[in-house]
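This is the structure I want to talk about, given as structure tokens.
Naming follows writing order (A, B, C and D), and every chain is counted from residue 1.
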Amino acid sequence: MRKPTNKTGRRRVLKGAGLAGLAGLAGCVGTGDPAQSDGGGTSESGGDSSGGSTSTTSGPAMAQSAEVWGWDVAAKSLDLIDEPYEEEHGGDITITQIGRADMKDKFKSTLLSGSGAPGAAMMESVDAASWVDTGGLRDISDWLAEAGIKDEFVSGKWGPLEKDGGTYALPWDIGPVGTFYRRDVMAEHDIDPTSVETWDQYIEEGKKLPDGQYLLNLPSNDYDGLWRMMFRQLGGQPFTSNGAVNINSDKSLQVARILKRLRDSGVANDLASWSSAWFTAFGEGTTASLTAGAWIEGTLKAELGDTAGKWGAIKPPAIESGGSRATNWGGSNVTIAKQVDDQTARRAWDYMAYTLGSKEHQLTMYEEYGIFPALESAYESDAFDQGSEFLDGQEAGRMFAEVAPEIAPYRYTVDTPEVTKAINTHFRDMMTGNKTPKEAIDAAAKQVADRTGRDLA
Amino acid sequence: MAAPTSNEPLSDPTVRDRARFFRQALSRRLPGLGESGVGYVFLLPTFLLFTLFLGFPILYTFYLSFFRFEGVSDETLLWIDLPGFEFQLTRIAELEFVGLQNYTAMFTDTLFLQASFNTLFILLVQVPLMVGLALLFAVALNASFVKFRGVFRTVLALPVSANLVAYSTVFLLLMQESGLVNYLLTSVGLPAIPWLSSSFWSRMTIVGAVTWRWTGYNMIILLAGLQNIPQQLYEAAEIDGASRIEKFRYVTVPQLRPVLLFVFVTSTIGTFKLFSEPVIINSGGAPLDSTITIVQYIYQTAFIDFRLGYASALTYVLIFVVSLLSAAQLRIGGSADA
Amino acid sequence: MREETRREAVWQFLTYAFVLLGAVVTMVPLYWIAVASTLKESEFLSSTSPRLLPGDSFLANFESLQARQNVQFVGHPGEMTQYIDLGPFYFAYDFWHLWDMGAMESSIFVAVVYTALSLLLCSMAGFAFAKYEFRFKKPIFYAILATLILPIQLLVIPLFLLMSQLGLTNNYWAIILPWAANPLGIFLMRQNMRSIPDALLESARMDGATEFQLYYKIALPTMKSSLAALAIILFLFQWNLFLFPLVILDQGKYTIPVAINQLVGAQRVYYDQIMVAAALSVIPVFLLFLFLQKQFVSGILAGAVKE
Amino acid sequence: MSGITLQTVRKEFETGDEHVVAVDDVDLEIRDGEFLVLVGPSGCGKTTTLRCIAGLEDVTDGTIAFGDDDVTDLRARERDVAMVFQNYALYPHMNVRENIGMGLKLSSSMTSAEIDAKVQDVAELLGIEDLLGQKPKELSGGQQQRVALGRAIVRDPAAFLMDEPLSNLDAKLRAQMRTELQTLQHDLDVTTVYVTHDQTEAMAMGDRIAIMNGGELQQVGTAEEVYRSPVNEFVADFIGSPSINTFDATVEGATLHGPGGFEYTLSDPSPVEGRDRVRVGIRPEDMTLVDDGVAIDTTVLEPMGNENFLYATMGDQELTLRVVPSARPSPGDTVEFAFDEDALYLFDANSGAALKTKTDAGAPLVEEPEEPEVAE
């Protein structure tokens, strides 16, 4: 039941004092695009175009200022490029650092209520599909085409950012996965990770560790993370191209079996991810390795500084012999809300393109905070050839740069959170032996299908 | 007549007097309101704030509960076109009318049922536990022989001053596998408890946290109620040969019934509204969904799944259920000893 | 008689033991917050032997909290940007710039304003419900009471929408006004005000008081302890608001819960800073509570739960 | 100062589904400076009438005038009356000085200094000048009573309205305050309407007494008038302590036949002419014990010292007699009593309207210049 649009002339806005506020909920009717009305802007969206714009591209005039939201290290990274940008392009970019969960809540509130959004905001690839689906993000495909930088990014990154021919965010970083291990612990127990090719081999090697020491951590609150990483490594897709649920595919079953084997073999610890116990175990070497996105190096360095030099990294083991060893974990983008007025959006885009679309700036952020660029052209830089002190001089950067372009695309959708829940719930049953791997993935797939109204593949 | 009869002023009016005279003159000129008029005037500010800030969200939520949210939009949302009254609200969301589907869907929504179960579980354990403890503390502190009653009262009520987010985080730390609580348990020879990682114990952790925080507060309310019980009733019971327990059973509890009821109803409502505690404590690695509460689930439905319509319907069901429950509590509690 | 005294002694001992145990259990988390705030993170998180005695890292922790970029927990002297100098008359009129408010000051400021405003509104509404007859009194009262059930987390989106239309985003009024007419407050005031004798009000009417004077000259002063009790409840309510302030307030205006939540990073939780913040945030409410405790006990239900 | 006139004042209440007529078309004229007592059983409408005069209740119908001024539509604070409440209604948060001065502060155009002086005067008048700094809860009942009075006096109102002001005092203090109030009212000479349910108090204090029942005004008159010449059985029964003895009697010519073989032949049968039945009333104090009167059976004897109350039955009719202290029949004893026909009351058996009241030579009836105001 669609309500008629505002074209129907007989309906007018009642200009009563009390109702005026309500009537103006998303801009006055008749003035057209709400983004240009008072309702849509932010405090920053002054619409003031008098700023010394030195933009090289055409289009609407740029607002003087724009605000960009990000969290933690990411926000700090963006801040690095703030000054060079302002020197070169003028304008006034404010980077606002907000806690990750908080930023998401805030940004989503602005999306859903159609007002209050900043010029641009960070968006994780995992969230991208559902955020795009709200219709609250701005299609930047024209600007992207104009800038001609689309092909410079790793292709696997674009999937969740696109919908119906529109593009809604600019990729920033990716998380090519590596297996980080404690060199000293492995050496002590005669394990050579560099010789490991598959997970099965890795498990066998892990059995050499004594009781109380684990090869890796398999946290019961984060099965989906490992599952997704491995599934993607196999080229698996959670949904088929026509939207059917596909998490009970053979590839998914393969992954489930490996996870089950990891648990049953006794080589896996079970500590909640990111808990202090989790960190401590890596610090003490009771958990000897960690498979995660390249960005974990920066975190480990910050948290466990006194273990510097004791770490090494390999490409993640393959699921099967000769299989791919490239996959991804994590990664962000920068997006602009639709409600942001054109001038401010233009300013925000200008900054985004300047920061994320340039090798130089991406490398600055990589070197300072380990943000691994999604900008493929950056990989040529010898910054990736520098040995990492934390990894005992290993040139892991090059390894990841090799992995990055090989990462298979992955179909994130609005129902990704459902997949997460289903996998965690049923894999827990699988781990306790209540379900076989096959039963677990079937149950998970059925749950997702039931709750999203999708078909099973 | 002894009062001064002279009309001459004894003194010059002071500034305050002048102000008073001005107020009097003003109030004399104002038209009188009927009794009902006065009532409305006193209610006016409340009424305005309610209509503006809660009326709109409540109605909007109700409206949304019959739709499926399809995305953000800027088309017309709602229009009223009566003779002499035209009003149009611009659509902020792309909505598809689904009738009562949102309301029927929840019966087969396993996660909703899980959340309801969790909330009820917490409710059934936490409210009686907390009210029971609060009552025992109140009775103990009402006993005349207890010294330093003020100190005990303050100490017991102190947790209420802890900030919600802060204390939830602190509980998260205390209850960790290797946290202080397990340290204390193991150091006296008891087994460590998986406070955060088992479904049962993670719910109990939430129960514990909420109980810790609110027992003292409720104790104070009950204590105030106890102090209103006439001492003669206890003396009469004493003469009738009632034991301590009997006095508690036949004097304290019936006399305290209205206060207990108040505490029960407000605690029940409070438990239904649990949000921050489970969100924060759940992040400690509890099995997924094992501590999710109804409000938390509705929040996720709206904010993570963007199913605004469904979330709105859930909200209304929650409100309906809590209203029923409160009314039932009031009826049960009130009728037994009217 | 002998038997009686012995039983009495046992009873007294049990009562003391129970209360003492309760007090100790209650104090453990609070004590631990206080102790942890003076320790290094590694000291209080150590799994082998948690430290239970205060250390000397409080200032270091506090400094690291204050040094955070995205959170200003406690404010500092600001710059007075605007003032008028007329010889002996020296006016600063950009008052809030005397002190840059951190989360502590913001929370206190907001909670105080909210409490004052809400006390006014609740007592007025409670007075109307308790002492006047008017049409639709019962339906209105129950409608207000019903909103007690409403979890405000679920109104975030429409409220946000409304606030941005009213131009109140990033404005403290946005977290004060929506619940200034607090349903629990109205209920308590109504119940308490029913205990004011009608004769007292009529007497004042005979004395020439206007209806509004009845309210503020008679009803309010006789309700002092109830107002004090309600003040605590209202203050706590505002003090703990989390989700809506998070969404509606921007950095620099954060209240304590929002600020503390900022210390939970994407990858790391800054427990040492959280402990300092938690310890500090207890203080204002603790003082308020200590200050008003007597009135709280006597005022919470002077007539609150009759009927 | 002025008199107060009530014309067909009517007050109806809606309480839930119930419709109550609390005051039923009362006409009443209170003279300037008069002490009028409104008396009646609880629920008779006396307090409502007082509250209508005060302006605390809106009348449903009728008018109220102070002197020549119609005040029906004026609010309480505009009527220039002062009221003393049963529970005194002292402001608990103010001290005595503030309590007394409150009315002046709210509605007079006196300066603070004038108010203080006046409060001081009134306090001295009432002998409570030492209490001015104290809060009500620090005062005894009698002191609170005085403060409440002071609060009324200080305003020089056109009328004092008092709602059972003495009922919260103990018996001794009540008697003392009764006299004091009368003296004070006499000295101040302010029209006073005083509500009580205690007929003794009414008789003792009122210049005139207005008796109400069921919302209707029964009779207005001096204590003696209402005692000696009640307009109906209700007034006769209400006034006097112990209450009048009344019983049914059948009429045969001039002879009355009552319960338990009661028989009396009227020397003047005119009041019962043409009637079959009648209600007979004899006041306890008019019955004397004799040897050849009506026989009754003693049930209880209450010695009061100066007199004895004798409770007895005449057939199934219970009677009360006030007898000399020397008469001491034991329970179960049969005694006999007699009375004067002059002291006999006769009432209509159906309507209760008086047919005959006391005709003996008591104190002379006060001849009033105006017609007595008697409502049906």
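Just so it is clear, a contact is a pair of C-beta atoms (placed from the backbone, for glycine too) under 8 Å apart; a residue touches a chain by one contact, two chains touch by 3 or more.
On a predicted model such as this, the values are computed, not experimentally measured, just so you know.
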- B-D or C-D: which has the larger count of contacting C-beta pairs? C-D
- Once you find the CA centre of chain B and the CA centre of chain D, what distance in Å lies between them? 54
- chain C and chain D: spacing of chain centres that average the CA atoms, whole Å: 56
- Separation of chain A from chain D, taking each centre as the mean of its C-alpha atoms, in whole Å: 90
- Between chain B and chain C, centroid-to-centroid distance (C-alpha), Å: 14
- Message: Could you pull out the residues of chain A that touch at least 2 other chains?
- Response: 22, 24-25, 105, 109, 112-114, 276-277
- Tell me, which residues of chain C touch at least two other chains? 45, 47, 157-158, 161, 210, 243, 261, 264, 269, 271
- Of all the residues in chain D, which ones touch at least 2 other chains? 75, 106-107
- Query: Taking all chains into account, which pairs touch?
  - Reply: A-B, A-C, B-C, B-D, C-D
- Where on chain C does chain B make contact in their complex? 11-12, 15-16, 18-19, 22-23, 25-30, 32-33, 45, 47, 49-50, 120-122, 124-125, 127-129, 132-135, 137, 140, 144, 146-151, 153-155, 157-159, 161-162, 177-181, 184, 186, 210-211, 215, 236, 239-240, 242-243, 256-257, 260-261, 264, 269, 271, 274-275, 277-278, 281-282, 285-286, 288-290, 293, 296-298, 300-301, 304-307
- Item | Residues of chain A touching chain C in the complex | 21-22, 24-25, 39, 43, 71-73, 75-76, 96-102, 105-106, 109-110, 112-116, 274, 276-277, 280, 299, 302-303
- What does chain D use to touch chain B in their complex? 75, 105-107, 109-114, 117-118, 121-122, 124-125, 153-154, 156, 187-189
- Message: Which stretch or stretches of chain A touch chain B in the complex?
- Response: 1, 3-6, 10-14, 19, 22-27, 29, 33-34, 105, 108-109, 111-114, 130, 133-136, 219-221, 271-273, 275-277, 338-339, 414, 417-418, 421, 424-425, 428, 447, 451
- Message: Going by the contact rule set out above, which residues of chain B touch chain C in the complex?
- Response: 27, 33, 35-43, 45-47, 49-50, 52-54, 56-58, 60-61, 92, 133, 136-137, 140-141, 143, 145-146, 150, 152-167, 169-171, 173-174, 177-180, 183, 212, 215-216, 220-221, 223-225, 227-228, 244, 258-259, 261-262, 266, 269, 272-273, 275-276, 295, 298-299, 302, 308, 311, 315, 318-319, 322-323, 326
